[in-house]
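In what follows, chain A forms one complex with chain B and a second complex with chain C.
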Partner chain A sequence: MGLIRDLSIQISQMLAVLLLAPLLTGFIRKAKARLLRRQGPRLLQPYFDLVKLVRKEAVVAQSASWLFRVAPYIIFATTWVAASLVPTFATGLLFNWSADLIAITALLGSARFFLALAGMDVGTSFGGLGSSREMMFATLAEPALIMIVFTLALIARSTQLSTVAGFMLSPAVGLRVSLALALIALVIVAIAENARIPVDNPSTHLELTMVHEAMVLEYSGRHLAMIELSSQLKLLLYISLIACVFVPWGLAPVAAGFSAHAIGAAAYVGKLAGAGFLLALFETTVAKMRVFRVPDFIGVALMLALLATLLRFMSRGL
Partner chain B sequence: MPPAGFLLGDAALLALGAMAIVLGRGRSASAFLYSGALIVSLLLFGAALSRLVTAAEPSTLVLPIGLPWVGAHFRIDALASFFLSVVNFGAASASLYALGYGRREHEPSRVLPFFPAFLAGMNLVLIADDAYSFLVSWEFMSLASWALVMAHHREDENLRAGLVYIVMASIGTFALLLAFGLLAGPGGHYAFAQMRADAPSPLVAATVLGLVLVGAGSKAGLVPLHVWLPLAHPAAPSHVSALMSGVMTKVAVYGFIRVVFDLLGPIDWWWGIPVMVVGAATAVIGVLFALVQTDLKRVLAYSTIENIGVVFVALGLSLVFMANGFSVAAALAMTAALFHVLNHALFKSLLFFGAGAVLTSTGERDMGKLGGLLNLMPATGLFMLVGCAAISALPPLNGFVSEWLVFQAILLSPSLLSWALKLLIPAAGAMLALAAALAGACFVRAFGIAFLGRPRSSAAENAVEVDRFSLTAMGALAVLCLLAGIFPGQVIDALTPVVRDLTGANLVSQSAIPWVSIAPVAESRSSYNGLLVFFFIGMSALLAAYVVHRLASRAIRRAPAWDCGFPDASPLTQYSPDSFSQPIRRVYGNFAFRATERLDMPPPGELRPARFKVEMVDIAWEVFYAPVIGGVNRLATWFNRMQFLTIRQYLSLVFGALVFLLLVLASWA
Partner chain C sequence: MDRLDFDIAHMFAGGLVLVSFMLLYQDRLYALLNMFAAQALVLAVSVAWQAYIQDAPHLYITAAITLIFKAIVIPLALHRIVGRLRIQRQVETVVSTVPTMLAGIALVSLSMVVMLRVTQGADVLAREDLAFALSVVLLGLLMMVTRSNAVSQVVGFMSLENGLILAATGARGMPLVVEISVAFSILIALIVVGIFLFRIRERFDSVDLHALDGSKVNRI
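Right after this comes the complex of A and B.
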């Protein structure tokens, strides 16, 4: 009985992240447009875009290798697996023990690895530009994320995300300096990793400012759809991660009943909407940075996360 | 198989080397020799692995050769069996690879005799059980590899590499000699068994630790003793580069573990600190330099330095935990170190084989002249991709598992009491995370530039796939990278006897955990399941591809690249290795390589080309190497004068020396 319940939670979680991810992106676009006093596209526009892309024929550059055609599926798969292991509305995921937070970080690293390779595959200067800059950002963002994981793991005494979320729900957490630092660092990493303003602009096609868009420039049709869906999933993943660690309220505990799960789902949708609105608000108020300012920005996250880890090593209370 | 069997195998290898001199040049000589080496290494590998898996008791052998009254002691315990397995597996794969690769060697008589001798040397180091045979084997290994580095001695660069290598190898051996001298004590107990029995005083032990860090560290490539490594490893033929980087550095790690964990007696609390500091610095500096190299083999050599750094951080953690009485944590760190040793042997050999295949088929090592090889060499490209992903620690491959284990060990350290350690260990963890991220960038760059994009030269355009022997060797290693990643529990269990010998504790048996997960400390803390991650990624990728192809469109149209509407005609407008690493060079440039960029832009109207030049300096070279080399040169010039004295001066020198020695002898008593 327990197995069936856990399995159904796991499967519904996998489907939920997949179905909600485009909606989140649509919501952020809509909110951003309204903040700028524009009408903006429909809320469901990302779904229509994906369907349209999937049905078109894919145009592949003549110099592209097989990697170019395989990479979108690998990127999608690794991101999806990572996203389905982050608790969204319940902590009792069946497969949560198969990969901990370090593994989730590394799965996102795999997706980035293949995305950067795909950017270089056609052999254009823009692709190389995007890959090179993306990897440069990653050299700072990834250690920052690992340090955040360390901080959380040292507080919850486990790198399993379900255990961490369960611990955050318990009254033993309290207010901690290290948690505050980790939160700021995680938000910065999330902005950088999802190619949002001020690090990158998701809606730019101005050549010299592109990073993420430069890598996927040559993609079209179903391949592009897969990549778009993966970036939407990744955004959802980071918001879920922040939500389940720092705002875990409403998360259904292990072996809870149906009503707890329903509350969890409602709370999750609420958290997504709140985070999406905050992101849209943030993006409308800041300007994009120069590329070589970005390392300083992500470097702040790395330093804060390292500081948080050091605090945890120094004292159990902070 | 007892030590006698291993000695027999080594003798067979030496005999093969001698035969190679007799057989001389010719294609059959190469095939005969490499297949011989392959068979012997496979036998030795099988014997060592069976000893490791069955957790055989240590067995010893004393031969009446070597120093009088001491004899030559040989012993195989769990630690030696593990390293024997790694070394002989690497040797077997290199021999298999060389069956194809070695045919194109243009100076076979400079390679063939030394190759089996090199293998025998490494094997002998691992089974030696007294200082004398250890040092003789160590030096034999160094000299044989030096001869292989000098195989293509007509290139100036190789000559320089050979010189630096032999100087560094001598310094390393000298440091080890002093270390063993201190361990042997005034009584001259050269056998390891006696060294193990009597613990040296703290001061002596600390000195020995420093000397071993220099001796074994210089061979392994620890910063700042690393500078010879990226010169020497790429200079050798590629299968030898693979052996030097993938395997010989492991023999150095073995030397360190043998002396520090086995012979040196009780561990002081601070021993782990220098080891960890040096390891973390090595990891970051190694990978930063790997990121800015344009020579494919040199990228791999610098990345070896990084991986050795990771191993030493784990060893340092293990020392710290042992000294503080956390034996399970020490066992975890040691498991991580040994697992990484195995992983690095697998993927670094694979990558060097791939670089060798590229070299064979294009004649180029400069990445700026490669590109687009994935279309022309699909199998090599696929195996290289696996190797690059594994070394970048991507799940579900093996590199991730050892990194995960190191991180888990770091997370156990807040329970330590020392404040210095509490500050140091998180910093080391941050350095490791940084090194891992940089390694990802490094191998995206290496694979992306060499194998993807459009060919940057006609050599790359006309590349063809390499022979079947080379492909088999690479394929086997790639499969093993995957297997070790998805069944890590089995590897950890096989390492248990080694870890128990060294740290006195062992992790819980991983095979007892359901669903082939690994949970090194306790299930409640953290677990990882490579098989399931692999299965999920594979299933979701296939499912997505199936759904999209089935329900939506499967049409493909080939067209010219779009590139924002301005497709560039020349392949030279692609990102080059230098331009790829430019952002990283600018971010990390100042503190790591003191990069200076000089741009010479002619004013409008002038016809000379614009030039852009980047210069990078390895600080270690200036601080440590230049003085040593300068000193050796000055000393040599000074001694050179001794050659041209008159007979009277020689006689007076001899007389003076005799009087001096007699005086010393007289005052001694």
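Right after this comes the complex of A and C.
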């Protein structure tokens, strides 16, 4: 009985992240449009876009290999697994033992690896350009993420997300300058990894500036739907990660009963909406950077994360 | 000492190291000067907090001197110098940012390793202040090495002196006479530097210090 209940909660969490991801993107687009005093597309538009893409014929380039066809599914699967490992409304789920920060980083890293391979597979110049830029950013963003994980692990003495969230809820956490640095670094990494505005523009097809769009330029039909859905899932994942580690209020243990879970779910939706609005506000107030300025921007995240680790190491060594 | 008190002191001292990094990141002169003022402000708050938890009232004077001279007077004077030299729009193309940052991180970790080893058995606050102070000093030196503009070298020199004040704070402050004389010698250094800046500018039409090296070679 307990197993069935745990399993059903776990499955509902997996479905929740999958269903909420397009809604989050729609919400951010709507908020951005309203901030610019435009009407903007409907809130549910991303769902319609996905359905439309799935129905359309998938055109595959002649020079494409099997990898090009398989990559969207691999990317979608790894991103979905990573997103459903992050605690959203409840901690201590059935697959909790695998909800490890390093495992999530590795899953995201392999998704990026396959996306870059798929970008280069067809052999068009745009795909290769996008892949090389993506990898240039990743060489700085990934170490920054690992250093953030180290900082959290040094503070909470665990890399398991449920334990970290539990520690952050307890009064033992105190006042930590390292946590503030890690938060800023994580936000910068999230912006860079999700191809949001100062780094990349998610709604452009201008050749000289695009990074993520250049890699997926050759995709169409259901393949494109998979890629779009996984990038929406990735955005949801980063927001859930930040919410779970830095604002864990409302997270209920798995055994807490239905009402606690309902409160947790409401808090989670509220956090998503808040983060989405902040992101939209940020994106309307900053301009996109030149591509060669981006390593400086992500370098700041790496520097902050390293500094956070050092400061934590220091105050513990005393 | 209370754990929370120490954590707040740690936060301010760590903030000082962070602001020193942000100094390295600036390439516009006015932004650099504003950041320098912010560094002095953080230092003043940090010294004042340590005066409170160490129960050492004379440190409040140190904080006040830092606040008045280094957060207000010196940045304003440098602002005016930069404005009168008309170099505020110059962008320094120095060693690019990411290698500088990595070098800075290496210096900070070096100073932490060294200071934590050397000061074993001392007071917790003193150990921490010494480690952070050494990193601020090294970052100031790094800034003087990587910049070619005379004004930013001056800023690097002054931020180095901020590190020394932090070190003195951890050891319950320098004697007041030393404190005041250091503050005034910094002011006099500023005046001398100001005069030199105008002289350099008059002679070489630039405040880029590489011009000085070139002139020596030419004479030989």
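Just so it is clear, the second predicted complex is superposed on the first by the 311 of 318 C-alpha atoms of A that agree within 3 Å, B and C clash if a C-alpha of one lies under 4 Å from a C-alpha of the other, contacts with A are read in each partner's own complex, and residues count from 1 in each chain.
As a convention for this text, a contact is a pair of C-beta atoms (placed from the backbone, for glycine too) under 8 Å apart; a residue touches a chain by one contact, two chains touch by 3 or more.
Since the structure is predicted, the reported quantities are computational estimates derived from the model, not experimental observations.
When the two structures are aligned on the shared chain, A:Val300 is found in touch with chain C, with no touch to chain B.
With both structures placed on the common chain, the touch criterion links A:Phe277 to neither chain B nor chain C. In the overlay built on the shared chain, the residue A:Leu175 is in contact with chain C alone; chain B does not reach it. Looking at chain A, you'll find residues 140, 295, 302, 306, 310, 313-314 touch chain B in one structure and chain C in the other. Across the complex, chain B is touched by residues 54-63, 65-67, 69, 73-74, 76-78, 80-81, 95, 97-100, 102-103, 106-107, 109-110, 112-113, 116-117, 119-129, 131-133, 135-136, 138-143, 146-147, 150, 153-154, 157-160, 163, 205, 207, 217-218, 221-222, 225-226, 291-292, 295, 302, 306, 309-310, 312-314 of chain A. Interface of chain A with chain C (complex): residues 140, 174-178, 181, 295-296, 299-300, 302-304, 306-307, 310-311, 313-315, 317-318.
Note for the complex: chain C touches chain A at residues 3-4, 7-8, 10-11, 14-15, 17-18, 21, 25, 96-98, 101-102, 104-105, 108-109, 112, 116, 124, 127-128, 131. Partner chain A is touched in their complex by these residues of chain B: 371-372, 374-375, 378, 381, 385, 389, 392-395, 400, 403-404, 407-408, 410-411, 413-414, 422-423, 425-427, 429-430, 433-434, 436-438, 440-441, 443-445, 447-449, 451-454, 515, 517, 519, 523-529, 532-533, 536-542, 544-545, 548, 552-553, 555-564, 567-568, 571, 573-575, 579-584, 586-587.
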